[in-house]
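Look for chain A in each of the two complexes below; its partner is chain B in the first and chain C in the second.
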Partner chain A sequence: MLEVTDIHSGYGAVKVLQGLSFSVKASEILCLLGRNGAGKTTALKSVMGQLPITAGRVTFKGEEITHMAPHLIPRQGLGYIPQGRRLFAELTVAENIEMGLMTRKQGKDTRDWVLELFPRLRERLTQMAGTLSGGEQQMLATARALCLRPDVLLLDEPTEGLQPSMIAQIRDVILKMKAEGYAIVLVEQRVDAILALADHVVFIENGRDVEATTVDDLKSTPAKLTRYLGV
Partner chain B sequence: MTAHGKSWVLHGGVLALLFALFFVLPTYHSGQLSRIMVLAIYAMGFNILFGYTGLLSLGHAMFFAAGMYGFGLTVNLAGFPMPVAFLFAILVAAALALVAGGLALRTAGVSFMIVTLMFAQAAYLVVLYFGEYTRGDEGFVVAREGRMIAGIDLSTDAGRYFCAWVLFGVCFLALAKLIKLPFGKRLIAIRENEERARMLGYDTSRYKLMAFVTSGAVSGMAGATYGLLFGYVGASFAAVPYSIFPLLWVLLGGAGTTIGPLIGVFFMFYLIDISSGYTNAYMLIAGLVLVLLTLFAPQGLAGSLRQKVMPWLP
Partner chain C sequence: MEFGPHLMLAALEGAVISAILVLTAMGLSIVFGVMRVVNVAHGEFFMLGAVLTWFVATTIGGHPALGFVAALLIAPVLVGCLAAFADRLILKRINYDPDRTIVATIGMLYIIQQTTLMTFGPEARPVPPPFNTRLSLPWFEWGEEGFALFWPWGLSITTYKLFVIAAAATVLVGLWVLLTKTKIGLIMRATQQDSETAQAFGVPVGRVYSWVFGLGAGLAALGAVLVVPIQQAHYLMGGDPLLLAFIVVIIGGLGSLPGTVIAALLIGMSDGIISVFFSPTLAKIIATLLVAMVLVFRPQGLLGKKPS
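Now for the complex of A and B:
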């Protein structure tokens, strides 16, 4: 569904990605793994058009989106939840959700669906997003991205800084998404989360993919985690 | 009562109060209030761009002046009837905003401020350069026939006050409605986090330009109204201070609030009016009060109210 082939990208003169490839299919969770600074977040930002890709290509459902205008990429069906949530703090929970619904003209069905996934948000609809707890903010960021009804969801450390009960809820939703046929690209640091959620992993070093494998393989050869992540 | 209901009661109450004040205030103060309402329209226009979209322009005087000259020159030189001249003036300001915004929005942050400031300076110099028509610094008086509508003389105290009240009311209610529309929500989303808005599929460049043009058109309408009601058009309205005033008014009243611009203009006007009655160094007092307000009410007066006691304040 989403195919990234040999992309090069970075921040101005600083080249971060230097030939990264990965792909993800429907009903599959792919985890990008690597040490800090390896280029995991840069990879997601480059796919979403936030950073210019200087070489290589990105295709989505067979169509090239490498140099598409950034605001058009989500409209194709790619949802992105960045690190740090980044909500519209001065809008209410309901208005944040509405912002997600409008671009792909989703209606009440989608709104009800995301509120079923995150019932806690229903109780907070009139509350300003900036006043929510960290876990609730993550729920809202996820709900807002799901309002686009994307086919592929890119998640950058969705459980970072959350308490265990919230982490469990977020993980449940990710697994539900997978069961409903979503393709998910996950950047995650927590090994337990990776082993519990992912189907495939791609190890990244210095902006390149150095090994692609399955989680089952990773479970049987944990030395790979030590080798690539130092854990 | 819902937040929505409270908001409309507040807006209706403010308009009713302003209407009633004409009958109880002495002529001097009702005249001041007419001017305050016109300049509050200007501040509301500025607030669309600064308060709601998060873009700080330092060149809004060019739109105010475009409206003012667009009205005054077409009445005096082309003999346009008042309503036509008024609409023409708004269109001139909107067109200028489209061009200036199209170029200035290619930049961001400090560069955006400087580009808008330079545009305004260029507009000011154009006014001076074409002094044969604009009468430069001296300015000109708008012909009396251009200040009449349906037999009502808008140069009288009552005519001026109620015309200012109607136009202020239209803008005040329209702005309250605008921010509740999807367009308004998108502007707030851009202010809060432009990158996120783009990642939800919004063409933020287009919305910023739309905000710029709307802001310029409303500011131009304020300029045209000033020329219409006070009968004077001058280059001082195109100069730098008139780009800074709306920023001060909006910051004082509360950026991103519908009532903030009116409060800010009112506060500044009466602060200077009252302090100048006591001392020649009234700007020193104004400056001191501004510093204190910035320290103790950094969100502005309406912004602080919203933060502390009226969370529903739009």
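Now for the complex of A and C:
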């Protein structure tokens, strides 16, 4: 579904990704792992076209999107849930959802569907997104991305700073999406979440993929987690 | 004239000034709000609107209303397109970097001003108002027989000035509907808050910026079309509106549109009233003092948010 091949990218003169590859298929959860500053967020931003890719290629559903205009990339069917949520804080919940629906011209049925997934949001449609609790904000960020009815979901640390019951709820939604056939790229720090959710993992160090493996392998050789993440 | 009717007359002058000012300042405020661009060339878009109005009106000839209506349609659109083009050509290339956009728009200011001088010459150009009937206004008093209306000599307003006030109010309402009730407005507000994330939801941010820059300039030009039947068009006329628009935007709170409206009313009314009773120079002095006070005691402006 999504193939990232040997990409280089960064922020102006700061080169961060220096040959990163990974790929994800439908109904599969790929976890990107690495220490703080390894380049996980940079990788997702590069895929979304927010950072210029100076070498390598990104293909999505067999079509190259490496240098596509950034606003056209989500319209192909990539839903992005950025680190720190990045909601439109001074728009209402309903307007944030509307922004998601607009991206791929989705209608009322999609709106109803996401509000069914997150009933809490339905009660707060007229509330400013910036005044939601952390958990509600993460629900809204997820709902907004699902409004695209994307084929791939890119999630950057969706459980950061949430309490256990909220984490469980987000996790349920991720598994539900997987069951519905979504391809999911997940950046996650919590080992228990990785082991419970992921099918494949890619370890990233200094902007390069250093090892790609399955989660079963990780369960049998937990030393890898220590080696790459220091946990 | 007695004090009451005199004040009423001054307030009406103030309302006309506010009407023009609110359109100009809105343009500046929207551009700053969405794009974070301080557009120093804003006054020149105003001037260009005025000069184009004269040009269109004299080219068409015939009844003044004909030329005026044509200018009302043509000048703001033309100026808006020019601004959108300047955005693509210049501001986009320098990546909307805050410092460099100031320098770039100063450059635009001189290019527009000098090009207008070379094309249309230095003369001030009058444009006849499309209609200009003088309406006497009533005043009231409590006499021995109770409440009574009368028509004091000199208390009057022209229909054109009333039209200016009504037109500005209509445009404001339209703008409010555009920003709060339409998809275009939603996209503009989302872009204003987080352009990168807006892009991740399919918003062509570059195109939105061009439209917004064009809209801002078009609003200034619209204010200018309304003003030329009262005040002649001239290649140097952009300075005052720029200064006043900045004053209004600072007092209202950078990027706050309701604040901009309130501040425009405040500055316009006080300008009108102080000019009539004392002198226009004193009005400018007081407006400038007001800005200084706001900057000292409430730097975020009347309705602006405190930077967190």
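Quick note on the criterion: the second predicted complex is superposed on the first by the 231 of 231 C-alpha atoms of A that agree within 3 Å, B and C clash if a C-alpha of one lies under 4 Å from a C-alpha of the other, contacts with A are read in each partner's own complex, and residues count from 1 in each chain.
Note that contacts are C-beta pairs under 8 Å (C-beta built on N, C-alpha and C of every residue); 3 or more make two chains touch, one makes a residue touch a chain.
Here the structure is a predicted model, which means the values were calculated and not measured.
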- Query: Since both structures carry chain A, what do chain B and chain C do when superposed there: clash or fit?
  - Reply: clash
- For A:102, select first, second, both or neither according to whether it touches chain B, chain C, the two together, or no partner. both
- Task: Please indicate which partner A:10 is in contact with in the superposed arrangement: first for chain B, second for chain C, both, or neither.
- Result: neither
- Task: Determine, under the contact definition given at the top, whether A:150 touches first (chain B), second (chain C), both, or neither.
- Result: neither
- Does chain B (first) or chain C (second) touch A:77, or do both, or does neither? neither
- For A:135, select first, second, both or neither according to whether it touches chain B, chain C, the two together, or no partner. neither
- Look at A:34 in the shared chain and tell me whether it touches chain B only, chain C only, both, or neither; answer first, second, both or neither. neither
- Query: Both chain B and chain C touch chain A; at which residues?
  - Reply: 48, 50, 69-72, 74-75, 80, 82, 86, 88-91, 95, 98-100, 102-104, 144, 148
- So in the complex, which bits of chain A are touching chain C? 48-50, 69-72, 74-75, 80, 82, 86, 88-91, 95, 98-100, 102-104, 144, 148
- Item | Parts of chain C lying in touch with chain A, wherever the complex brings them together | 183, 186-187, 189-190, 193-194, 196-205
- In the complex with chain B, residue positions of chain A that touch it: 48, 50, 69-72, 74-75, 80, 82, 86-91, 95, 98-100, 102-104, 126, 128, 144-145, 148
- As the complex stands, chain B meets chain A at residues 3, 182, 185-186, 188-189, 191-193, 195-204, 256, 311
